[in-house]
Amino acid sequence: MSNALEHTTGLHVVAQTPFLDDGTLDLPSIDTLSAFYYRHGAQGLTVLGVSGEAQKLTVDETIAVAARYVAAAEGHRIIAGVSHPNLATLVEVTAQVMAEGADAVMICPPSGIRTDEDLMRYFDAVFSRIGDVPTVLQDFPASSGVMMSVPALDRLLSAFPQIGVIKEEDFPSPIKITRMRAELSRPVRILTGNNGQFLVQEMERGADGPMAGFSYPEMLSGVYDLMTAGKRAEAHDLFNRYLPLLKHEAQGQWGIALRKEMMRRRGALTSNALRGPGPKLTEADLAELDFLVGRMDLPQG
Amino acid sequence: MSNALEHTTGLHVVAQTPFLDDGTLDLPSIDTLSAFYYRHGAQGLTVLGVSGEAQKLTVDETIAVAARYVAAAEGHRIIAGVSHPNLATLVEVTAQVMAEGADAVMICPPSGIRTDEDLMRYFDAVFSRIGDVPTVLQDFPASSGVMMSVPALDRLLSAFPQIGVIKEEDFPSPIKITRMRAELSRPVRILTGNNGQFLVQEMERGADGPMAGFSYPEMLSGVYDLMTAGKRAEAHDLFNRYLPLLKHEAQGQWGIALRKEMMRRRGALTSNALRGPGPKLTEADLAELDFLVGRMDLPQG
Amino acid sequence: MSNALEHTTGLHVVAQTPFLDDGTLDLPSIDTLSAFYYRHGAQGLTVLGVSGEAQKLTVDETIAVAARYVAAAEGHRIIAGVSHPNLATLVEVTAQVMAEGADAVMICPPSGIRTDEDLMRYFDAVFSRIGDVPTVLQDFPASSGVMMSVPALDRLLSAFPQIGVIKEEDFPSPIKITRMRAELSRPVRILTGNNGQFLVQEMERGADGPMAGFSYPEMLSGVYDLMTAGKRAEAHDLFNRYLPLLKHEAQGQWGIALRKEMMRRRGALTSNALRGPGPKLTEADLAELDFLVGRMDLPQG
Amino acid sequence: MSNALEHTTGLHVVAQTPFLDDGTLDLPSIDTLSAFYYRHGAQGLTVLGVSGEAQKLTVDETIAVAARYVAAAEGHRIIAGVSHPNLATLVEVTAQVMAEGADAVMICPPSGIRTDEDLMRYFDAVFSRIGDVPTVLQDFPASSGVMMSVPALDRLLSAFPQIGVIKEEDFPSPIKITRMRAELSRPVRILTGNNGQFLVQEMERGADGPMAGFSYPEMLSGVYDLMTAGKRAEAHDLFNRYLPLLKHEAQGQWGIALRKEMMRRRGALTSNALRGPGPKLTEADLAELDFLVGRMDLPQG
């Protein structure tokens, strides 16, 4: 059942959702964006995540975005974020994105879950309703407020074969991944988020690749390739070269705006707009970005 | 513009959403339920609130429930809860319930709002999108996590004429209502929630009536009538007579299940079912309810 | 080891801390207050709890309050609240209050505990430092933010024989107590808090008595006596008679001020003052209290 | 009054608290640690902050640490963190550290503050008790849970002349600093935290220097010197050179353990121990640190 996710390794970009300057959904840009991601090494995409501004879309828009990404997938894996405080909506959206051709869904437990027992009950309720849908479990306490210990993750894995991947972005992630690899009682793919900021250490400790967004996805896929080829020093060097920008983009919604601007400059997006309400980049922000990027030695285009 | 809510006084029941035993939405029971509420003194209903299990409905079900309550309104006011962490969904649902004929919406700010400035920005974003829709502002920190000080409420009232009613259920409510009546710089109706547990004191301090659920709504409307007629002692006595059950129903989701059971016994509902996941009443719960009710001197039927 | 708490049943009042009008600690009033509690049926006291304003005392004051309550105990059990976000302080205060002669300590886990594993680690750290001190475990999520499931409580009981009593004030408490009595794998005393508001149901479901504050402690001890004598109907009737005031006092810090005023009127305290910052009772508050109490049929003195 | 903080610019290191391997406080190491900080450009120290493990010390230990840092200050500014959920303890500790010779205190509002009005009341209560003590206001929502908008900060500055410095570590800090410099109505020093991760941008937007910890404080002081000398490009280059380690240390309590290890290697500390409970470094952690540092071009000693 969860075999659909068995080979989920390598870069899975957390994809942007393109908007026009007025906040309207820009579905056609999904095609150029997809091509950009795949050209730079993405094995698949996670669409409708937090940095994909999923929380600003209506249900109909959500389905439309997923469908367009599926249509542009060219054989790559499409994972659709369906986390929602309302279980009925989660179930409805899951059915629709899977019907549109998504390969899997990603679910983060909603805030309010406070004990291991609550956690088990929540996913019991989820999986009894959505059935055999391949699932990425997102472990992201800074966003959800829900902490999942390694023993609790293991209980979820034992109970729910649908979970094929854990998107790990607890903090600090390196020591948690070490514990997961030592203590989890069945195989699971671990892809790591947090904007890729700890990717090198995460790979060294057993992660299967990044599930993150960055305006230079070729760095993320490059680090993955070097690490899996045993070229650890080269991986560090590549990572460190991009680090100032990587960290700069890892600044919440404002960082996502900066990332969209960088992607616009690289031709992947036609507008850097976030859907409002949210930060808008100022002249000072853009000048600062120029200077920061100017001190780095980044590839053109 | 907000004149639609200018005369909002008296009992506004926070209405249940009826389900069949299998969790399916039971739209026909909305008609009998509405008749029950109006027969026992409701001037209007607030549908799709927390105790109306709104957070378990899909968007389509949400609209269907609102529409059915409107159809059964017989001239009473229908206020539809539209609070949602996703602003796009809030806007979409608001447009649809107003198109179906609701008189107003109720909005509680989403968790995550942490400063007065955030609060102003949030409602600025809301009202710039929904326009001139009469609005009940829900002040319910125990559920939302958002605290609104009296000065902050006053700033919202000054900025947004759409707000005609505040549903006050901060805690302790009596001293907050006293401050509101002393410090708010424009008239606003204050209806009070918290399952009606502090209704007598709230009325004495300036509230305009209850906006709450209880299986004996005639107590809530009766206390309102006595208080407005200056019969304070009689109001206390009526309130105290029902207090053991009122408090018993004020126990979260489990209390809502108890309330639905009481309403089933009174013929207002055909099933006591909550939509899952959630508590199911046990034999012990029912026996305990029987004994508690048996010690009280409640009207039949 | 935990035998010191084996027979902990009946009323244990959560004791006030008396202050003078200027906020100075009023140690002599602890003697009259103790006599009042014992005269009205307290088997023991829990001092330095939330409603004892422990969070407003310095460490030295904390020890002084505990010592004075011990000196006035006349053979009754004194349980000292030592919960503190700082483990070093918790350990230091525990040693000191036990040295002063307290019978046990009460500990509530600090906010920030989010998983069952965190919970076990926290109490492992606590008990490895404080050793064989009889302990009341406080389960009070509304104050601490820490939820403990019944399986998690059971793991704590299995690991730590020091825990002889659980102060249960999760919400709703009745269904949790039923689960505890069915699922906990070793005996433990369960005393219930939440200002006694759910005492009758809690006793019916297996609680061993109230651990709560109320200005008429004779109601709490009376309900306990009637319930243990099998006089359930009489217990309900006694409880219901006091309910309007019980509920009125259960309104946070303001409710504690109201309770102190009632206890001043009954001669148990010389001042109704809370240590600031905190609510001060107004003329309106006092008049409202008069009217509420006037509608009830309460004993004099 | 607040003149004591008027010239607070440049590096103020958030100082470690040294422990022996068994968790005992190691006061003598404070002397070598102080010398290390000053040798690498610190203008002053902030002692007893979160990364100084203040939350693990008893009150007596707290005073002892402050006193030792004062004794070793050699004319540098010593700011003592006194934040505490218990106001009485905050007041007591403030009086004692000032009596020991500290130059100022640092205060972060306690979790539970939820509105601008609460915030004003809290600091009103604080300053009415501590009086004319020069104060650093810490704006650190990720740790405290308290968000302070720029207008709220301005109201605090207007009301309380004691506040001479804001330690800014809201997120993202760059855009907040821009707003502060545009909107605050009186001068205030802004020093920035968050482990120095955003120092270059913060300086460009108006900060007066870093108030942060890092095992190479000479980078923090060096960036400050370059930025104030107008050598922006050189500042970026210096910052970027250290960034991999800076980011690696910015990983919560585990990061603090890594920092202590780096400082032990540099001769500033005799033990890398944190006081428990807390993370202990493993062989894997140390090997990983070696490799990371080995790819960088860091000065010896």
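In order of appearance the chains are A, B, C and D, and numbering begins at 1 in each one.
Quick note on the criterion: contacts are C-beta pairs under 8 Å (C-beta built on N, C-alpha and C of every residue); 3 or more make two chains touch, one makes a residue touch a chain.
Values in this document were obtained by computation on a predicted structure and should not be read as measured data.
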item: Labels of chains that are neighbours to chain C and to chain D; value: A, B
item: Chain pair equivalent in interface to B-D, over half of contacts matched, among A-B, C-D or A-C; value: A-C
item: Distance between the centres, which are taken as Cα means, of chain B and chain A, whole angstrom; value: 39
item: Length of the line joining the C-alpha centres of chain A and chain C, rounded to whole Å; value: 47
item: Chain B and chain C: spacing of chain centres that average the CA atoms, whole Å; value: 33
item: For chain C, residues that touch 2 or more chains besides their own; value: none
item: Chain D residues within the chain C interface of the complex; value: 55-59, 61, 85-89, 92, 111, 121-122, 125, 275-277
item: Touching residues (chain side chain A, partner chain C) in the complex; value: 114-118, 141, 146-152
item: Of chain D, residues touching chain A in the complex; value: 171-172, 174-175, 178, 197-198, 200-201, 204-205, 232-233, 236-237, 239-240, 243-244, 247-248, 251-252, 254-255, 279, 282, 284-285, 288, 291-292, 295-296
